[in-house]
Amino acid sequence: MSPVRGVRFEMSKQRTPRGVNASLSRRTFLVRSVGIGIAGTSMASILSACQDSSGGPAGDSLRAKTVMFDITTGRVDSPELFNPLVPGVNIQQGLHQAVLEPLFILNHETEEVEPWLGESFEPNDTLDVWTLTLREGALWSDGEAFDADDVVFTIDLLRNGPAELLHSAPMKQWVQSVTAVDPRTVEFQLVGPNPRFQLDYFSVKITNSVPILPAHIWQGQDPLTFTNFDKERSWPVFTGPYRLTKASPTEFIYERRSDWWAAETGVMKLPEPERLVWVANETEEVRVARIADHQLDSVADITAGAFISLQTRNEYAAAWVDEEPYSWVDPCVRLLSFNHTVQPWNDRELRWAVNHAIDRDEIVAIAYEGATTPARFFFPSYPQLDKYVDLLESEGLFEEYPLLEHNPDRAIEILERKGYTKNGEFYEKDGQPLQLRIDTPSEITEIKRIAQVIVEQLRRVGINATSNGLAYATWSDNVANGQYEAVTDWGACGSVSEPWSSMQLYHPRWVVAPGQRANGNVVRWTNQQYGENVDRFAELPLDDPQIETHVVAAARAWLDDLPFIPIAQAKKLVPFDSYYWEGWPSQSNNYVQPPTWWQSTHKILQNLTPANR
Amino acid sequence: MADVLLEVEDATKTYHSRGETTAALKGVSLVVDESPATIACIAGESGSGKTTLANSILGFTQLTSGTISYRGTNIATLTRSQQLEYRRDVQAVFQDPFGVYNPFYRIRRLFDVLIKRFRLAQSKAEARELIEEALNVVGIRGEEVLDKNPHQLSGGQRQRIMMARAYLLKPRLIVADEPVSMVDASLRAMILDVMLRLRDERGISFLYITHDLSTAYQIGDDIYILYGGELIEQGRAQEVIENPQHEYAKLLIGSIPVPDPSIRWNREPHSQAG
Amino acid sequence: MFAFTVWLSATIMFAIPQLAPGDPVSAMVTRLTQQAGFVEGSAGMIEAWRERFGLDDPLLIQYAQYLKNMLTFDYGYSLSQFPVEVETMIADAIPWTIGLLTIATIISFIAGTVVGALMAWRRSPALLRLLLPLTLTFTAIPFFILGMLLIYLFVFGLEIFPVAGGYDSTAMPGFNVDFIASVIEHGTLPALSIVIGSMGFWALGMRGMMITIEGEDYLTLAQAKGLNPLRILFRYQIRNAILPQFTALMLSFGHIVGGTVLVEYIFGYPGTGSLLFRALSNSDFTVTQGIVFILILTTAAAVLVVDLIYPLLDPRITYERSST
Amino acid sequence: MTLTVQQTVAPAETTPRRPRSPWRNTKLMVGTLMVLVIVLIGVLGPLFWDTRLSAAASSPLNLPPFWEAGGSSDHPLGTENSGRDMLALVISGAPATLRIGLIVGVISIVIGIVLGFSAGYLGGRIDSVIRTLADTALTIPALAILIVISSYVREIGIATMAFIVALFAWAGPTRLIRAQVLSMRELGYVRMARLSGASTVDIMFKEMMPNLLPYLAAAFVGATSGGILAAVGLESLGLGPQRIPTLGMTIYNALQSSAILRGMWWWWGLPTVILVVIFVGLFLISTGLDEVANPRLRGRR
Amino acid sequence: MTRDMTRSGEPLLRIDDVHVHYGRVIAVNGVDLTVSRGETLGLVGESGSGKSTLAMAILRLITPPGRIVSGRIHLNGVDILSTGGRQLRQLRWTDVSLIPQGSMNSLNPVMRIGDQIQDAIEAHDRRQTKDSLRQRVLSLLDMVRLPARVYGMYPHELSGGMKQRVCIAMAIALGPSLIIADEPTSALDVVVQKTVAETLLKVKEELNSSMILVGHDMALQAQLVDRIAVMYAGNIVEVAPVAELFSNPVHAYTRHLIASVPSITERKPLVVKEFQRPDLTTARPKPELREVSPGHLVALDDEHSDRRTSGEASEREEVIPRG
C-alpha cells in the first residue's frame, strides 16, 4: 500500500503528461469541470494548488529521469497478475523488459547469443546434454541468491506441472531430467539431440524466453492461479534492476534498485533511467499524439502514415531507418499459403502463375505504404539467414525459379497452357471459373491489406480472387484444420539465426488430413525430398558447414513446388523520441533489435543516456 | 301468437380479469317478434349491459351462459353457411356514425362489397337499382353520396347510409345500438323515422338499444330496462313509461328532463326561495 | 417476462459459440504460441485447457452448468486472461459504462425532455422552436459518428480534450482529485456524443406527448383557473407528458448500452463495450457470455423497475394493469 | 316571422377540416429527396465514374480532394491509403449500405405484418407468445448481441449482414403493427366488415391494411434506418462484409489507419457525410410519415 | 341592438359584436349578448353552432388556429379582450370560472383532487396556511355533497358524477360572479345528471353568481335556466325568457329544436326536417335581432322567410363541420 500511496502523491505534484496535450485551455477546462462537476470551490482550489506545484522544475526533473514506454497490447485487464506462466499475464507492461531477466539474449543484429543471467550454455557433442552456467553473484530482488536450484525448480515445474502452463510444452517434450551440479551449474539431459535448445527457449529468440522463477517464493504455489503479486512484500520477485511500484490497468511504474546484482558484481552498470513507466494507449492516434508531445519515449509498431505525420510534429522522433521503409524487420515473413488438398491450387504450375502475377513492390508500396521490403524467401532478412538466401542466389536457384519476377504475361501463359480460357474478365476451364478465395484474420489489418492487394493483382491477370475476412479464432482454426483455399499468414515463423526452425515447419511428417488439426505444415504439402533434406541437418550443430548443402537441396525442392509464396518481410515501425533519452537502437547504432516490448529491452536500458535538454 | 324472430334466454356474461369477476349480463331473457315487425328497445344507463347484449346478438362476444336463438336456432351452433345467412338476416347500425366508415374507401364500396359477397345482384344494372332503392328508403340520392369519401358527409347522412346499407340485405332484424346518440337533436327524428318506416313498410324488426328512454318511448313497441346487467322492467312501451314498477325504473323516468319550463324539478329545499 | 428475456438471451449467448465454427481454446493456444512459432506440444495444451473449461462435457451438461453459473453470477475464469476471473473483469469495466451511460442518459433525458416540452409549448420563443430541426438532425446520426466528429473538432481541431481513454493513464484510480478530474475530462466527449445523439429522441418524444395532451380539457381548465403559465407547463403539461418518457428511458438503457460499444470503441473508453470487443477479438467466450448476460440482466431489470415504479409515477396505473 | 338562416351552397369539398393531402408533407418530401440523391449517386454514379477504382491498388495513395494542395482531378475526392478512389468508394458504398437497410426493412416489415396482425387480430395465446417474443427482442441489447453473432459468423456478404441485423429488427414493426391492429380491431368499420361477413383475411388486408399504410411505411423506414445503423456500426467495428466497400468499412479502415490523426478528413468525412444524409433523410421520411399517420403532430413547427 | 332587459341596470356581462374565426371557419359571426347578475342564461345550439366557441371567447380560451377577430366583452365593466398577462390571469376564476364540458378529462389525472382545487385558490389569494387552505377545500367539497375523502383521491378513482361535482366545487372556489358551464352534464347518465344539475343550481344560487349554461338539450335547459339564447351557425337567432321561448318560439329553428325534443310524457309523431346549414367558411351578414315581445328577441330575415315553414324533410345536402 505505502509505495503506491507515495507514488500517487508524487504523481499529483508533477507535470504529468495527460491526454494529447497539456495546453492551458484544457487545464482551465479541467478546473472548470471539476468545479462544476464535483461542486465547490474548495475542490477547485485544491486542484489549482496541485497544478501550481506541478509546473515547477521538480516535475520536469522527474520526467527527465523517467523513460516512458507504451504498453503495446493496450489496457491491461489483469494489472495485478505477474505470473509469467499463465495466459492472462501481460508480460509486456515492463515485467519482462525491466524485472524478469532472461538467461541469454539473442542479438538479432550480431546474431550472437549474449549472456545475461546465464554465463554459458554448452551442449555435449551429441547435443543431448546441455550444461548451463549461471553468472556469479546473481541475486533475486529480495536478496536471495539466484542459483541452480531455482533453474531446476522452474524446469521441473514446467515438466511436471499442468499442461496449460506456458513454456511447459517444450520442456515436457525435450527435457528428460534437469539437475543442479553446483549452485552455478545446471545439467539438462534431453530426450534427444537438439542443437537449438538454448537458442529456442532461453535466449529471447522472439519476444521472450522461458522465465526462471524464484523457487523460495513459488514453492508450494499453484502455478495456474498464483498471481505472484503482493504490494506489501514488493512482489513480484525477480532479478532485474527495477522494482514495481505501481500497477493499474493503464499504468505501471518501476523504480530503479540500486542493489541490482549486476551492478554490485560489476558485470553491468546500473541503467541510467531511475524510473520506468509503461502506459496503455488506446489507439494509434493516442500513441502518436503522446510521443509527439514527448509524453512517451517509445511506442509500439505504428503505420507508415502515422510515422510520417509524427515526424512533422516531433523533430526528435526517429525510427530504425531514417528513410523508407523506416522499419525494422520482424522474424515472421508474410506469406500467401495455399491449401494443397484443394483443387486446382495443388498444382504447382498454378501457384507459379500466381507468383508471377504478384507484384511484391506494389504490395509493399500499397499495403505497407512503403514501410517494408519484399521477401526473397520465407526467412526474415537477418544476416545469418540472408547468407543462406544469398547462397541460393549464387547457386542459381532464383534464375531457375524466378521467385521475385513479376510477370503477368508469364502467368497468363501458364494459365492458358493449362487449358484455361478467358470468359469475360476471368479464366475458366471446363466451365469452372478459376477462383481463389483468400481468407484473412480481420483483426489483423496488415495481413488483411496484403490480401486485398494480392486480390487486385490476381484479378488483373484474370484469376477471380476474393479476400474474405474471418474472426481470428475462426481463421486460425480453419488454417489449422485445413479448411481454406488460401490464406495470407505468417506460418513460416521460427528461424532467426539458423534455417531449420522455419524449414522444418513444412516437413511432410506434419501433414494431417483436412478436418484434423495440423501442428505444422498447415498447407499440407507433401514433398519427401524436402523432408529428407530438412531432416539431414536437424541435429547438426548450428555452425556445421554441411547445413548449407542441405538447405540448398531443400530450398530447391521447395522452390520447385512453391507450396506457399513469401510476400514481404514483416515490418515493425518502432519510433523513439530522443528528447529526453538518447542511445535508442537504430540501424546505425544497432547494438540490439529495437522492439521495446521484447525481453531484449534490458539491453536497450543499458544504453540509454539522458539528453539533458 | 306472433312468430318469434329472436329469443334471448337467460343470457349471462361475466368477465374475468386478474382474479376479479364482473358480470355484464345476469340472466337476461327477451323476445323480438318477427311479425308483426317490432321495435324492441333495450334501455339502460352506461354499464347496464345493453351493449354487451347487442354484441352477443351480433356474434361479437360469446355468452358465458344462456342462449340466443334466431328463429329457433341457437346462434352459437350455426354452421359456416348458416352464419353467413345469419349475417344477412341480422344487421346492425352503430352509435358512432364516423368510425363505421373505413376512411380509405368511397361510400360506394360499402354497398358493392355486400352485393358481391351475398350475390345480391346478377348484373351491374341490378346492383345499381338495389343501391338506389336502399338509399331511397332513407331519403338519399345515390349520385349525391356514392362517390364521396366518408368525411365529406354529415352525421345524419352517414347514419342514414348505414341504415340503407343494412337495408340492402333485406334483413329481418336490425340491431340499432344507440343510432342517434351522436347525432344532433334536429336530425335525430330523421333517423328514427327511417326505423319506423322500415318496420312498417318493410317488416323489419329492430332491437333499439339506447340510454334515452324518451326516444324509446316515442318509437318503441316493447321496452326492456336493464340495470347492472339485470332486466328490471319490461313490457309494452306505453306501460313501462307511464306505469313503471321497479324503483330504479321510476327514478330513471323521473330524472328525464321535461321540455317544459313550467314543470320544473324541485330545487334543494333551502334554495327554493331564489 | 423478465425471466423469459433473461433465459432466452442467455440461451442465445450459449448457442452462438456452439454453432459458430472455430474452437476458442485452440484459437487461444494458437495465439499464445504463435509468436514463438511452432510448439510441438500444443495439442496437449489444448486438451488441458478444454478440460479445464469443461468443453468436453456433453452439450446438455455444459448448458445446465452454464445456466447455473450465469444465475449464480459465477462466470468462472476468463479464457484468454486466465487465471483472471470474469467477474473481476466485468466489475472493473461496468462502473465505467454505467457511469458514462447514467450521466449521459440523464443529462440527455432532462435536456431533451425540457427542449421537447418547450418546443411544444405555445409560449416558447420562436427561436427555441427552430432548435427542433437541429436536434432532430443530430438524433438521426449514430453516436459513434458524432463521436468521430467531436474528436475531429475538439481533440485535433481545438485541442481541448484528450483523445481517448477513461482517465489519464498516469492517474491512480481511486478517490483523488487528479483521478476524478481526469475521469470527467475524459468522459466529456463520449458523454457529449451520447447526449447530442439522443437528446433529440427525448425532445421528439416529449414534443409528441405534449402535442397529444395539448387538447386535453384539464389544460383548458388549468388555463381558465388563471394559473401561472409556468405552473401549468410543469404541473399539468410536463407532468402528464413525461410519463411515457420514463418507460422509454428505462428501455433505452439497454439500447444505449449496445450503442455505447461503438462509442467506447471510438474513444477507447474502458467500459463493458471495449471489454466485450476485446473479448471477442480474443475469442474469450467466457467473458463474452458474462458481459452480455450482465447487459441483458441490467436491461431486463430496468424494464422490471419501470413496471414497478410506473404506478408510483402514474396514479392511474395500478401494478396489475401495467403489463399491457 | 322570418328565418335568418343563411342559405349558401356548401360544396362538400370546401369542408374546413378537409386537409391538403397529408402525404404532401415537407419533411417527407425533403427526406425522400435526400435519400433519392443517395440512390441516384449509386445508380447514375457508375455511368460517370469507374467504380473499379474502389478496389485497392487502383489509384495513387493518400491523395487529397482536387481542391486541396496536392489533389488531382483524376481523383476528385481524393484517395485513401490502399489506393482506393474516394469517389468510387462513395458511389459503390452508398447503395451497398442502403441495400442492407432495405433488406432489413423488407424482412422486418414482412415479419412485422405477419406477426403483428396475428397477435393483434387473433389475440389470445398467439398474442401473448408474439408479444413476449417482441418485447424480449426489444429488451435485449441487440447491438451487443449482433456484435457477438457477427464476430462468430464471419462469412458475411450484404445479405448475411442484413439477415443478422434483421434478427432483432422485426420486433419494432411487430409491436407497432400489433398495437395499431389491436386498437383498430374494435373500430366501427372493422366491426362493420365482420357484420358484412368479411373473412379474417379480408378484414386484415382490405379493411385494416390500407389505413395502416402510413404506419407501415413509417415502420419500414424505421427498420431500414435501424438496419443501416446496426450494419454501419458492425462495419465500423470491422465486423461487416469484407469485399464490398460499404461506407462502414471505409470508416473502419480510416479509423484503423489513423485517418483523423493524419488529417485525411476526406477519408472518414465523406462516408460520414453520406451516412448523415442517409440517416437524416430516412429520419425525416419517418417523422413525416408519423405526421401523416398522426394528424395531431401535423401543422406544428 | 340588444338592450339590457334586466332590472339592475348595467349587466354583469356584456358581449358586443364578437367575431371568432377558426382558420377559415367563421365560428362566431357577430354575437351580442348580455347576462345579468344572478341570472342563468342558457346558450343552446347544435354542433357547429358556435356556442362553445362563444363561451370560450368569454374566458379568452380560444387557441390557435382560432382567434377572436373583433368585438368587446365587458365583465364587471372590464373589457376582457383588452386585458392580458397577469391581469387576465387574475380575472379568470375570481370573476369568471368554468365548468368544462368533458368532466372525464377535465381533471389532471396525476394530481390529487385537493391539490387541483388548491391550485386554483393559491393562484389568486396567496397568503394562507396549508391548513386553512385544506379547510376551504373541504368545505367546498361539502358544498357539492362530496365526502371529505375525495380530497386525497385521484380523478380516476371517482365516478363521472363525482368528477363533475369536483369541477363544480372548483368553479365556485373563489365565488366568481360568472360561471360558464359548458355542457356540464352531457356525459352523465340521466339520474346523475339530475342530481348534478340540481347541485349546480344550488351552489350558484348560494353564491348569487350568474351562469351561462351551454347545452344542446332543450329539455334540460327548460329545467335549469332563466333565459335562453339559441345559436345557429355562429349567430344568436332567438333570445327569450325560458317560459316565453317554449310557449312562443318564433324562429323556425327554435321551433324545430323544441319540436324535436322527444317527450317522455306523451307519444307524438316525429317531426322530420332538415335545415340547410350555411357554409361556415364564407362571410355572411349578421342577422338583426328584433324584439317581438319584452325581452324576446328574434332574428328576422324576410328574404328567407319561406324556407323555414316547410314541415317536410328537405333532401338537400348539409355539411356539418365537426368539432
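Going by the order they are written in, the chains are A, B, C, D and E; count residues from 1 in each one.
FYI, a residue touches a chain if its C-beta (ideal position, glycine included) is under 8 Å from a C-beta of that chain, and two chains touch if they have at least 3 such contacts.
The model shown is predicted, which means the values in this text are computed figures rather than measured ones.
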{"item": "Most remote chain, CA-based centroid, reference being chain B", "value": "A"}
{"item": "Label of the chain whose CA centroid is most distant from the centroid of chain D", "value": "E"}
{"item": "Most extensive contact between chains (C-beta pair count)", "value": "A-C"}
{"item": "Centre-to-centre distance between chain D and chain B (centres being mean Cα positions), rounded to whole Å", "value": "47"}
{"item": "Centroid distance [mean C-alpha coordinates] between chain D and chain C, Å", "value": "23"}
{"item": "Rounded Å distance between chain A and chain B, as computed from the means of their C-alpha atoms", "value": "88"}
{"item": "Rounded Å distance, chain C centre to chain E centre (Cα mean)", "value": "54"}
{"item": "Interface hub residues of chain E, defined as touching at least two other chains", "value": "253, 275, 317-319, 322"}
{"item": "For chain C, residues contacting two or more additional chains", "value": "20-22, 280-281"}
{"item": "For chain B, residues that touch 2 or more chains besides their own", "value": "98"}
{"item": "Interface residues, chain C side, partner chain A - complex", "value": "20-24, 26-28, 30-49, 52, 78-84, 88-89, 92, 155, 158-165, 167-174, 176-178, 180-182, 184-186, 188, 267-268, 270, 274-275, 278, 280-281, 283"}
{"item": "Residue numbers on chain B that touch chain E, as the complex places them", "value": "45-46, 98, 139-141, 144, 154-157, 184-190, 192-193, 196, 211-215, 217-219, 237-238, 241, 251-253, 255-262, 264-265, 267-268, 271, 274"}
{"item": "Chain D - residues contacting chain B, complex", "value": "12-13, 15, 17-18, 187-189, 191-198, 207, 210-211"}
{"item": "Chain E - residues contacting chain B, complex", "value": "46-47, 189-191, 193-194, 197-198, 201-202, 205-206, 216-220, 222-223, 242-243, 246, 253, 256-258, 260-265, 267-268, 270-275, 313, 315, 317-320, 322"}
{"item": "Chain D - residues contacting chain A, complex", "value": "55-58, 61-62, 81-83, 151-152, 154-155, 238-239, 242-243, 256-258, 260-263"}
